[in-house]
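Across the two complexes that follow, chain A remains constant while its partner is chain B and subsequently chain C.
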Partner chain A sequence: MADAPMTSGGLLVFKPKPSLPPPPATTGVIGWMRFNLFDGIYSSVTTVIGVLLIGYIAIGFYEWAFVRAVWEASSRNECRISPTEFGTCWAGVEFWFTRFIYGRYPDAEIWRIDLAALIFVLWMAPLWLPRVTAKVIVGLSAVMVFPFLAGYLFLGGERNWFMAIMVALSLTWFIGTMVHVAICLVTNQGLGRWIIQATGFASRDDRLQKYPIIILSLIAYFVVYFLVADWQTVEVVPNQWGGLFLTLVISGVGIASALPIGIVLALGRRSQMPVVRVLCVAFIELFRSVPLITILFMATTMFPLFLPKGVVFNNLASVIVAVCLFSAAYMAETVRGGLQAISRGQYEAAEAMGLSYWQSMGLIVMPQALKLMIPNIVGSFIGLLKDTTLVSIIGLYDLLGMINAVSQDPQWIGLHHEPLFTAAVLYFVACLAMSKYSQHLERKLGAGDRR
Partner chain B sequence: MAVVERPRSGSDLSSVINDERYRSIFYQILVFGTVFAIAAFLVNNTLTNMAAQGKAAGFDFLLGTAGFAIAWTPLDYKPVDSYLFVYWVGIVNTLIISGISIVLTTILGFVIGILRLSKNWLIGQIAAWYVEVLRNTPLLLQIIFWYLGAFANLPRPKQSVELFGADWLILNNRGLYFPNAEFGELFWLTAVGMLISVVAAIWYNKRAIKQQLETGVYVPIWWKILVILIGLPLAIFLVTGMPLSWELPVLKGFNFQGGTFILPAMCSVLVALVIYHSAYVAEMVRAGIMSVSHGQTEAAYSLGLRPSWTMRLVIIPQAMRAIIPPMISLWMNVVKNSSLAIAIGFPDLVNVFMQTSLNQSGHAIEIVAMVMLFYMTVSLTISACLNVYNKKILLTER
Partner chain C sequence: MKKLSLLGLGAGLLAALSFTAAPAVAESTLDIVKKRGHLRCQIGTPSPGFYNLKSDGTWVGSDVSICRAIAAAIFGDPNKVEFQSVSSTVRFTALANGESDLLSRTATWTLFRDTQLGLSFTTVNFYDGQGFMVPKDSGIKSTLELKGATVCVLTGTTTELNLTDYSRVHKLDIQPVVFQDSNVRNETYLKGGCDAITNDKSGLASNKAGFPDPGAHTILPETISKEPLGPAVRKGDSQWFDIVRWTVFALIAAEEAGITQANVDEMAKNPPSPEVARMLGVEAEVHKGLGLDKSWAHWIIKSVGNYGEIYGKYMGSASSDGIGIGRAGSQNDLWTRGGLMYSPPFR
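And now, the complex of A and B:
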C-alpha cells in the first residue's frame, strides 16, 4: 500500500487538515464594518450621510459648549466674548445651580432636604440587598410612612398632635428598618425572629411570641416620641419650595397616591355593581380625556370655590391634589391592563379554593398583575415626572419654573439656553435611568416565564 | 337530591352585609350615598362662596364682548366679538395645530421607525438615540427650547431668511410667510376632476388586483394610476384657463403684506409637537414590525417574494394591526398636548378661553366645564373610531 501512514492496526484513520482561518474581510473590526456599515451601495451612502450628520452636530455642540464657554462671571454682561456677542455662559448655570435643585429654599435649611433624601435612599436601599427579608413591608413603609417625616422636614414649624404622632412613628420605623437590615446582613434572619430568640421566647408557645415584639416596639416608639418632642425646625412656607426638589415632591406624591387609588378605580371599573362601575368609568374617562393643564387650571381656579369658608388651600396643595387625581386615572388603566392579562383560570381557581374577593385579589391576582405592570408603572412615573413641568405654567417654581426665573433676573437677564440645556440633561438622565432600570427589572422578573 | 337553601333572615341586620343578594345593593347605595354627599358638600360650598363674592353662575357672559385681540386666527375675529366666538376661535386654532401635527408626526415617525430597524448599525443607532433623547425630556421643555433657541431669534423683516432660496417662503421674527392660493371662478371644475380621478384610480386599482387574483398575471399599473391622478385634473385645469393665482408675501414698509403667515410661536409648537411625538410613533412602528414573527419573512422569501414586496405585502399589513390602536391614542395625546402651546403664547383654546377669558370674566366653573367638554368630545370621538377599528380587525382574524 502506498499510503501506509494512514492506517494503524489495519484501520483507516481520517485525519482532517486544520481549517483555514476565515477570510480577513469577514472577521474583526473590518468584517463588522463591512456587514453593518458598508453592506452595499445604499448602506455605504447612508453611513457616510450619518457620519457627516453626527460630525456636524458634534462640532456645533463642541463649539457652543466649550470653545465659546465662559466659566467665570458674576453677571451675564461679563459673559461677552466680544462687544456684540455673548459666550456660552456656564458661569450663570454654576451660580444658579443650587437654586435649580432646591428652588428658593433658605440656604441655611437646605440640609433638611438632603437629610430627607438620604433617609429615603437608606430606606429604599435594602430592597436591592438580597439577604434582607420582609422587603414588601420595607418598601411599603418607605412609601406610606416616610412621607410624614419628609413632610415635616420640608415644612418645619410647629407640629399639631397628628403630625407629632406620625413623625415619631416614622422615625421609629426608620430606625427599626435600619436595625432590621443590619441584623439581616449579620445573622440572615429578620428583626422579629431575632427579638424572639434574644428574649428567650423562641421555646415558648407560638401565640406568646408576638408579645416581646409588640412591647419592644411600643417602648422604642415612646422613647423616640419623647426624644423628639422638643425638636423643632424653622418653618419654610411652600412658596419657597422649588427646583428639582419641588418636581420630585409633586411627582413622588403623585405616583405614591396614584397606585392605591388607581387599584381601587380599576377594581371598581371591573366590578359587577353597576353604580360603582359607572362612577369609576366616569372618573377615569373624564380625567384621561382632558389635558393636565386644564386640570391644573381647574385646581387653581375652582378648588378655592369648593372649600368651605375659612379653609385655605395653598397653590401647591391644590396642584398636588390635581396631579394625584390625574395620575390615578392613568394608573387605573395601567392596573386594568395588568388585571386583564391574568387568565380567568386564576380567578376561578381562587374562588374554588374558597377565598373571598379581597383575599383572591390580594393573594392571587394582584401579585401576578403587579409584576406584569411594573414596566408600565415606571413608564407612568416617567410620564408624570415630565408632566410636572406644567406646574411652571400656573406659577410654581419647579425645575423649569426656576429656569424661566433665571432669564428674568436683572443680573442674568436673557440667559435661556444654558439653563434649558442643563434642565434637559437632568431630565434626560433621570428618565433614561428609570426606563433602563425598568427594562432590567422586566427581564429579571420575567425570567421564570421565559422558555 | 337535597337543595340546601341559605337561611333567610330578613329581619336580621347582618344579612344585609352577609347575604350576597343584598350585599351588592347595600354597597352600591353606600358608594352612591358617599359620592352624592361629597358632591352636595362641594356644590353647597361653591354656591355659598359665589354668593359671598357676589357672582352668579350661568352662561350669559358668553354673549358679552370679549374685548381682547387674538394674535393669530384664520377666522375673522375682532375684539368686539363675544366670548362664544373666542371659544370657537380657540377650538379652531387647537384643531388646526393638532391636525397639522398629527399628519406630519405620523409621516416622520414612520420614517424614523423604519430607520431604527435598518440593517445599517450607524443609522439604527442614530434613530435609537433620537427616540431616547426626545422621549426622555419633557415636551414643555422642548417647546420652550424650540421657541427660545430657534424661532425667537429670527431676524427682523428687513433681514428675512428665504427658506430653500425661494422668495415666496419667508421666515422672520413676525412668522413664516407663504403664498396664499387665490382660486379663480372655474377652479371648482378642477377640484371635481381631482375627486373623479381619485375614485377612478381606486376603482382601477381594485380591478387590477381582482384580475391578478383571477389570472395570476401581475401587470404593473402604478404609472397608469399616476397618469389618471395627475392627468385628468391637469387637463381640466389647463382647459379652464388655469384659474389659480398665488398671492405672494411682499415686503412693504416694516412688514410683509399679502400671503398667509403663521406666528413664530406656532412654528415652535408645531416643530416641537411633531418631533416629540414622532419618537413615540417610531417606537410603535418598530414594535409593530418586530411583533410580526420572523417566520413570515422567511415564508415570503421562500415563496420568492422580493424584500420590498415582502415588506409591503406581508409584514406591513400584519404590523398595522399592532400599530394602529396605539397610534390613535397617540393622536389623542397630540390634541391634548397642543394645549402646552400656552407656555409660549400661541392662542389655542386653553390660552384664549381658559386663561384670558377666565381671568377677565371670572366665570371659572362654566369655562372649565366648556373646555373640558371640548377635549372630552374629541377624545370620545377618537376612541369611538378606535373601537370600530378594533372590531373590524377582530372580525378579520381567524
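And now, the complex of A and C:
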C-alpha cells in the first residue's frame, strides 16, 4: 500500500519518501572520529600514536603529581615514601608559597601588597563595565596615578613633600573613580555631569559649569591630604622585595612605561628633524643590539663605578630603569611597524583638515596604528614578563630566584622539581591572562571593521 | 673650529666628572656604617650552611652569623644588617664600588685576589677543600682510581680549574662534564651521567644530604685543594679591616675561653680570668683601637654565640638549618683540639 501512488482527486501527486537517517558511521561521536581522527591509514596511525603518547605522559604526570605526593611534612626528609626514595614533596611548596608570592616582605606588612593589588583591580575593573563613561581617563590614571600610591604602600617609611602630595592625589583620584563608577552604574552618567546637575549648574553658562567640579575636587583633595597626613607605614627596603610580587613590579613598570616611551621613540625615528632622528635611532639600535642581561649587569655593577664614591643607587631602581629602556627600544620598533601600516592618505587627509602634527598623530594615525599593533604589543609584554626572570642572575629574588632558594635550604635540600612546576603554573596563568585580555581588546576595538 | 670647541666641551665635562668622582674627604667605613645605621653585608646566592634563605624570609648560616656578629659589635644589635645576596660573577665589583661594606661569603683566599682586586682577606673562618663523591657500589676508594672517569663539575669556579690540574698531575685523564646549575649537576650524577661529582667538601656533604638515598654515596678521603674561606674588605681602611678580623677572632677566642651565648652575661659579671675580663670589656681598654664600644665582644657572643656554637648550628648538626659536617679533628676545630682555629691573644 505504501508503494502505491497517492491519488488526490484523480491527480498523481509526488510525495517524496522521508529521507533516510545518515548512516550511523557518519554522525555523532563515531562520525566525528572517523572524519577527524581515522580518515585513512596515516591519520589512523598518527591518532593511535598520539593518544598513546598523551596517555603515557598523562599517566606519568598523574603518578608524579598525585600518587607519589606528600602533602604534609616539615622537612624534605619527611617526604620520603621509602628509605631510598622521595615522594613529590608538595609540602615544601606549601611551606614556601608565601615566599614565592611576596619574597622576603615581612609577614606583618604583606597586607600592603594585597591592598595595592585590590586597589589596582578595582581601578581597572570599570574598563570591563559597559555603562562606565570616560574609560580612557580611568585606564590612564590607573597607569599614571596609581603607581605613586602603590609605590608608597610597598616602600613605606617617611614621605617627602612630593610623595605626600602624590599619595594624597592618588588616593583622592581612586576614591573619585570609585564614586564615578558607582554613579555611572546607577544613573548612566559620569561623575562630572552628575555634580553639575546636583549643584544646579546645569542651566548655567558652559564656562561656569566646570567650577563646581574643580572646587569639589580641591575640597576632596585637601580633606584626603589632611586625613592621611599622619598615616605612615613601616619602611620595607627593596632588598626585601621578592617573589611574584617583584616580578610583577618590574614587568609592570616596564610595561607601563614601554608604550609611551616607545611611541615617542618611534615618532622620533620617523621625524624630519635630523638631531631627533639620529638620537632616537642611536638609542633604539644601542639597546636592541645588547642582550638584556648585559644591560642589567651594566646598570647594577658598572653604573655605580661612574658615580661618586659612597653614592649608592638602589639596585632595584637601576634594574627597573634598565628594563624600561630595553623594552621601550623594542616597543619603538613595534610602534614604527604599526605607523608604517597606515596609508599615506590618512596622513594627507589629516593635514588637509588643518590638523597640527600632534593632533593628526593623536586623533587620526595613532588610534588606527595602535589597534593594528595590539598582538605585537601584547606579545612583547608577555616576553618582558618572562624576561624579568633574568634579574635572578644579578641577585634579585624574583619568582625564579625564590624558587632556586628552596633547594639550598637545608630543611628542603635538593627540592627543585616541585617549586619549578609551581613557577611554571604561575607564569602560565599570568601570561594567559594577558593574552586573553589582548584578544578581548582586539575584539572590542575591531568592532568597527566587522560592521 | 667647531670641532675644537666640541672637543673642549667634552674634555671639560670629563674633567668635571672625574673631579666630582674623586672622594673629597676619605670617610672611614665605620663612620659611614654608623651614619647609615646598618651594615651592608654581602653574601652569595643561597648555599646550604653558609647562607641560605628560610621559608620565613630570613637569612641564616655561618657566614650570615659573621655579618650579624659585626653588626652586633658596632650597634649592639645583630639585626642592623642589610644582606646583599650577589651572584659570584660580580661579587668583587660590588665590594670595590662601595655597594657592600664587606664580603662574608665562600670566597677562597688567594694571592691574586688578595693583592690585585683591591680587597683584603681578613682571616679564615672556614677551611674547606675540594673532594669527590662517588656511588658506593662503584667500589672506588680513592681519587687515584678515577682514571678516565667522567666527573660532574660546576663551571666558572676554581673547582673546575682544580679538577683539570689534579687530573694532569696524576695523569688521570678525567673527563669533566660541566654544569651551570647545581641541581642539574646532581640530577645528572644520580642518573649515572657521570662517575663522580666534585665540589668543595662542605658542598658535597649538603649535596649528599639532598639525595634520595644518601647512604648509597661516599665522599672520598682525599682533598685536592686548599679553600680557606673568610670575610674580605676593601683595601685602604685598616680600622675596618681590624674590626672584621677581630670579630672573627672574638668568636674563636670565646669558644676557647668557654664563653657561650648562655653564660656571657654571667661571665661579664664575674670574669673567671683576666683574658675574659679584657675581652668582655670589664678590664683594661684593649678595644680602643677598634673604635667600638667596650662591650663589643660581649654583644657579639650575646647575639650569635661563639664559633663552636655557630658551627654546631649551621654546619655540625644535620637539622633544619645545618648540613651535618663533623668538626672533631677537622681543620675547623680549635687549635687546642688539633684544628687550625686559633685566635691571637686579647691583650
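The definition used in the following text is that the second predicted complex is superposed on the first by the 424 of 451 C-alpha atoms of A that agree within 3 Å, B and C clash if a C-alpha of one lies under 4 Å from a C-alpha of the other, contacts with A are read in each partner's own complex, and residues count from 1 in each chain.
Heads up, the rule we're going with is that a contact is a pair of C-beta atoms (placed from the backbone, for glycine too) under 8 Å apart; a residue touches a chain by one contact, two chains touch by 3 or more.
On a predicted model such as this, the values are computed, not experimentally measured, just so you know.
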Fit or clash - chain C, chain B, common chain A: clash
First, second, both or neither for A:306, with chain B first and chain C second: both
Touching partner for A:405 - first (chain B), second (chain C), both, neither: second
Which superposed partner A:297 touches (first chain B, second chain C, both, neither): both
Partner chain(s) touched by A:393 [first = chain B, second = chain C, both, neither]: both
Contacts of A:416 with chain B and chain C, given as first, second, both or neither: both
Which superposed partner A:85 touches (first chain B, second chain C, both, neither): second
Touched partner set for A:67, first chain B, second chain C, both or neither: neither
Contacts of A:51 with chain B and chain C, given as first, second, both or neither: first
Shared chain A surface residues [contacts with chain B and with chain C]: 297, 301, 304-309, 393, 404, 416
Chain B - residues contacting chain A, complex: 24, 27-29, 31-32, 35, 42, 45-46, 48-50, 52, 118-123, 126, 132-133, 135-141, 144-145, 148-149, 332, 336-337, 339-340, 342-343, 350, 354-355, 358, 364-365, 368, 371-372, 375-376, 378-380
Interface residues, chain A side, partner chain C - complex: 74-76, 80, 83-86, 95-96, 98-99, 103-107, 237, 239-240, 297, 300-301, 304-310, 312, 315, 393-395, 397, 402, 404-405, 407-416
Chain A-touching residues of chain C, taken from the complex the two chains share: 17, 20-21, 23, 27, 32, 45-49, 52-58, 82-87, 90, 93-94, 96-99, 182-183, 186, 206-207, 209-213, 216, 318-323
Residue ranges of chain A in contact with chain B within the complex: 36-37, 39, 43, 46-47, 50-51, 53-54, 272-276, 279, 285-286, 288-294, 297-298, 301-302, 304-309, 382, 386-387, 389-390, 392-393, 400, 404, 416-417, 420, 423-424, 427-428, 431-432, 435
